[in-house]
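The following pair of complexes shares a single chain, subunit A, combined with subunit B in the former and subunit C in the latter.
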Partner chain A sequence: MLNRETLQRASGDGRTLAWLGIGLLLFLLEAGAAATFTMEALIKIALAVPGVDSAGFLTGLESAARSIPTLLSREAIPNQGYYNGSGYQETFLGLAPAVAWAIRATLVYVYAFGIMGWVVAGYRLYRSTYRKADWTPRDDVLDRLRSHNWGLFGLVIVFMFVTMAVFAPALGPTTVDQNMRNSYGNDISYWDSESGSVETIVVGEANLGSASRGNNQNVGPWSYDDYGRFHPFGTMQNGRDLFTFLMVGSRISLVIGVLSVGLSATIAASLALTSAYYKGRVDLSMVLVSDAVMAMPQLLLLIMLTTVLGDTWINEIYSGGFLLALIFAFTGWTYMWRSLRGPALQVSEREWIDAARSFGQRPTTIMRKHMLPYITGYLLIYGSMTLGGAIISIAGLSYLGLGVAPPTPEWGRAVNLGQDYVRTGSWHISLIPGILITLVVTGFNALGDGIRDAIDPQSDSAGDETAGAGAGA
Partner chain B sequence: MSETLLEVENLRTVFHTDKETIHAVDGVSFDVSEGETVGLVGESGSGKSVTARSVLGLVDDPGVIEEGSIRFRGDELVGGNWDQHRGDIAIVFQDPMNSLNPVYTVGNQIKEALRIHQGLRGSEATEKAVELLEDVGIPDAARRVSEYPHQFSGGMRQRAVIAIALACDPELLVCDEPTTALDVTIQAQILELLDDLQREEDLGVLFITHDMGVIEETADRVNVMYAGEFVESAPVDELFEEPRHPYTRGLLASIPGRNAEGDRLPTIEGEVPTSTSEPTSCRFAPRCDYAFGACEEVHPGRVRVGDVDTDHEVACLLYDDTFEETPPEGGVEAHGGESA
Partner chain C sequence: MSRAKYLGKRLLMAIPVVWLGATMTWFIIFMGPIDPAARLLSEGQVRNPAAYQAAQTQLGLNQPPLQHYFDWLSSLLVFDLGQTWLLYQGSNVNALIMDFLPRTLWLGFWSVLIAIFVGVPLGFYAGMRSNTVADYVASMGGIVWRAMPNFWLGIMLLALLGSSEAIFGFAWETVGPDLLTGISGNPDLTQLGTVDGFLRATKKVLPAAIVLGSASMGNEMRIGRTAVLEVKNQDYVELAKVKGVSKRSLVYKHILRNALVPLVPIITSEAFLLIGGSVLVETVFGINGIGYLFYQAAIQGDLPLVGTLMYVFILMIVGINLIQDVLYTLIDPRVGLEGD
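Our next item is the complex of A and B:
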């Protein structure tokens, strides 16, 4: 018996070392990006402190971090090059820009799924070797999720979306700075087939020449424009690259979505626990407050608040994204609170709550320790579904010309910009972002469904309320 | 004479619902002294558990202690003063699966109580938790302490619950049907354990059950509860030998094995009414075979019966001299099986 245990531990140690080694390798591949990200964040924080107007030391560190080689960077696998009559210059291994870009994008996703696999392997190792208990209730939940195809589909979509947001700068064939914000400050070289020589042109000019404006002038998906630039999703009506726009746009959608859902989940969970613990009048007053908030038409409130607060300092933060997240959180918590209150009330009836009260545990500790674990599952379900709703709402506001301020890319604005060309050859400008929004929202809802079925095997997927409709935008 | 721990006087706990006010506990009084076991027995819905919860201050909204006093070592608890005696009164609930939180290890839950009441943390707390598990008779406690409740059997779980109660170092233990969810052999073990612990620590115990057999084994003094009131209170031997109230007699008659004659077990027809108003009659009258005219008009007060030195009280008009009917001699048979 003892012998078997030591053996098991020893083989576990070997596997742990291998697992740690792979983790280190995966980290080193992206160490430069991680270091740069940390330094950038530190500089921002340092500059935010009043009285500090330069962070020379940190800037030095940042440039050092930038020089660390990173596998999945535009520098390591460049795709922006030009044809000089005999071959491609400045691209990865002299490959065509489309191929170089495809290699980089594929590697990004391979890397991301590698990380996911590494985490899963780590958990399994922990479960088989290090955890004392052979079985915990969580195991069943995970096993059920693993055999839930619809939920797994959602998980994969959500994971790909998050990867898109995290690796946005590396995924685009060009950068936001070069292609959009500062298009007249950058120039590119291209092969002019008429004169038979390499010419140089300002990006802004090139954009004008490669705009998608219907049947006469169009750069569709998976094609090159006249300046040798590859566009996986084609160009927009102003000649900018749609793929780059969408990749960077996914960041703002995710950040606003997570921030607003995180905030409303915090509000909803603490209020649900409070009303379930104290019941009676406390509960009743919260029902009244939430009913009052719910009674306000959310879309109109959103439009009003974005307009009224449009000129204030708070709208400056993150292109107005922070303000949007706040508005979503303070108008949207009621739905989640309603959904959490039932389960919280159920838990509050369990005897271990009374047992804890009888030996004098503080109410806040009882709520956190003995009640919260039972509603976190529901938090995940409704959080996932609300996140989909939030993404639709953000896109809806941008479509209406509100919300995230241009030129920060946002999916809804792409739909808006392309709507005049839907019936022409430039259909891709509206359609591709529209499909992506639908796919991502479906993914979040599917994940929510999967988590619900995993947590509560008795729950019936049909006939349950769906929070996916979200803010109704 | 040992010191009195708990004094409950004229306790009234009511629940205000939208439709009506339910008098769950309607004016009960009892004392528990050190080393004494006071039994509370009655059918489901008679108000036993609400009494227990009232004593611990666990009555939830919309319930409220409307009247009466609960004193622990002379300190009044009603009015939100439970915190000064938290841990002095501990409770053991009916269903051990329900009173242990399944997401934490048993040790974790014992340590939670230890931390609050004895200020122990870390390895010190773990040692103490193992010690407590050993005290309640869990073998291999050092390993068991880091296991989850689902890895324990029913009897072990109840032992763990008792260990948690002991971690508070209580003086009074309230047992709310602690053996109802267990099978008979385990029940006997748990009762024995409670008995040992009580003698070791000189605990006062308030023991609540619907099982007359268990009460006979454990209690020193028994209060029979019906529809929120005590209908009979007596020392255990006296109560079992000379039950006075027709309800008590009915309860005793329905214990299997006590009545040899008759091939069917006698039962008490009907069920406990929900008291929604001040009593104007005897609440047991509709089910009582000995009810007479006055029972429908007068709410019986408590009268002292039996020998002068035995503390035996009963709330029944049969024993009130101002009314004419005489109590039955010998034993009251509840509805015989033959007529059922």
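Our next item is the complex of A and C:
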């Protein structure tokens, strides 16, 4: 509760006001993007409802949102321009496309870390000024995490990955629509050095000329193609920009990963609480069911279910990503349930459970209020590790050509597309996505380690280790 | 509870697990949104009612579902696995599995072995020298190694070995036994009796086994390291030291032997990863193993074969779990004595 004294103390030194002001500024810089995103999401939801064919009202709002200026947008810092013989046209301040793109990408990350710093500062302000208690057990957990370098490394990697997914459209040197989906509906200008003039070409045609297919024809990392387009990670075997592909691909990986881990954590936690509370036959039957699900290797189960459910309407949602998340959740909860069951059983033996029961509280209330808080820490640990594993499995499935439907970018597919060129000059197509997956998965595992050591410094770190390995993908 | 009783209970528990797994598989395959009979037929045949009827009859789908379920289960129980429909059309599934399974077992055998013989010593080494540079390098390497996707690691390894002459100065094909048929592909298991044939077959699956074992290797290393760290600080190690036991004997007899105990269940439980991972690794390395067979059956729409293979996988995993229980009771006498 805020009382008069703390309010006065806070407003007196102006820190709160400064913090709020910075927050407002940070929001205004990106207000347009936030509004556009909200409207787009609303339109998608509206169109997903059967029987609704158009969302005219929402589309109007969306175009209004688009007109709000945004700092970190392609329009504010454009990198797609052309050389006209004397200087660059249409790029940011007339800089070379590579420099303009680098400025935008750097700004995105500066902004993201600014937000992170703002949140941390806000929490500290709250802790020092507004919170009544000088100390809570959670403080110790956070302090331990702060001094855990390995965990912090994981946190930074995960944060950068999330930033990549959130700002994917602004990070790429080009857009999915222009470069991939609708490449024959867009054209670009470029400087033709042979004729010495500015020419125009359809993007699809330009892509054919910028393909990376081995030693004879290659656009490697950090280079320009013949049409003056800059490719930070080079091009793919079909001439599309690899960096844009990967940025957008990170989005679907993250969304599927978070959705599936959230779902399986919910299933695992409620089943673990139920089996710990009732014990006996309920527990035994759950052990049997989870053993039966685990007896089918998860990757094989994923292959089987994606094949069987491939033609259904659920597979249409989000390029098959939603179905994938559901399958993941219903095949992966067992591993988390196994890890949660032990702690849940321990909690169920404590006196306060007996007390609550004799007090006449309902079982669901006891589980939610008196047992769940003690296993949420474990949920975080295994959630973080399972997320890394889910990202590997999703990539493995799309490497095999299953899961996320083809036009939608996915990291595993990039590995597959570049497979034939690994031994040639176009090695980057397969190598870079793999390095990114390794880095992100290491990050999630490190974060899991950090959280575990922060929550329970005595814990045996050799516990359940298979979570992060992605079902053998 | 005696050990025999404990093991008997585990055996009894395995039966409902296999039954539940097989039932779920049956439900997904035959009660799912895809009609297995239609999936088996080509575009033209689907419109031909006679062909469709024939396929349905042969799959037994014209009977009531419950009847079909019991028929299917009982034929699996006696290992009457029927014949294939699309993949290697019309061949006997038992024969097909007998043909494909040895390659997977050979691959799995080496990947378990390599993981143990690289991961465990490295983990012990890191644990004995905890918090030194060597420890950090080994631990870091293990963590990153574990995070690499198998399929990508396989592609990169193949590329490295394929151009080994340019990179390392020697050609992988000609080091040791010659690989005349390329660096990846099916190992020739017919000549295992001879020294040369054995080496050749081993060298052929070695890269694939390293990749397949990568995740387990990282796990075993980590757990080995923690186990050594824990044992190192036990009182009996301290006592042995005070008694004047030689350093060599201290390390090998008192520390490493005891640190091995927690590793045994980990090694067997990694069978999940090995069997699941075999699909991708066999695809990348072009090995005609049972995982590859499963994947081909799934993408080509031979759903009855998918179900049958899933049953085989379930049996394998439950079997490995039982072996783990046996090993567990042998190594750790406390198991089964603490009640359930």
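Going forward, the second predicted complex is superposed on the first by the 451 of 473 C-alpha atoms of A that agree within 3 Å, B and C clash if a C-alpha of one lies under 4 Å from a C-alpha of the other, contacts with A are read in each partner's own complex, and residues count from 1 in each chain.
Basically, contacts are C-beta pairs under 8 Å (C-beta built on N, C-alpha and C of every residue); 3 or more make two chains touch, one makes a residue touch a chain.
All values reported here derive from a predicted model rather than from experimental measurement.
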Which superposed partner A:289 touches (first subunit B, second subunit C, both, neither): second
Touched partner set for A:311, first subunit B, second subunit C, both or neither: second
Partner chain(s) touched by A:133 [first = subunit B, second = subunit C, both, neither]: first
Partner chain in contact with A:174 - subunit B first, subunit C second, else both or neither: neither
Partner chain(s) touched by A:237 [first = subunit B, second = subunit C, both, neither]: neither
Chain touching more of subunit A, residue-wise (subunit B, subunit C): C
Subunit B versus subunit C as contact partner of A:359, first or second or both or neither: first
Common interface positions of subunit A, toward subunit B and toward subunit C: none
List of subunit A residues in touch with subunit C within their complex: 287-289, 291-301, 303-305, 307-312, 388, 392, 395-396, 399-402, 412, 415, 419, 422-423, 427, 430-431, 433-434, 437-439, 441-442, 445-446, 460-462, 465-466, 468-473
Interfacial residue positions of subunit A with respect to subunit B in the complex: 132-133, 136-137, 278-281, 350-352, 354-361, 369-370, 373-374
List of subunit C residues in touch with subunit A within their complex: 13, 16-21, 24-25, 28-29, 32-34, 143-144, 146-153, 155-156, 158-159, 162-163, 212, 215, 218-219, 222-223, 226-227, 262, 266, 269-270, 272-280, 283, 291, 294-295, 298-299, 301, 303, 306, 310, 313-314, 317-318, 321
Residue ranges of subunit B touching subunit A (in the complex, touch as defined): 53, 56, 58, 60-62, 83, 86-87, 89-91, 93-95, 98-104, 109, 112-113, 116-117, 146-148, 150-151, 161, 164-165, 167-168
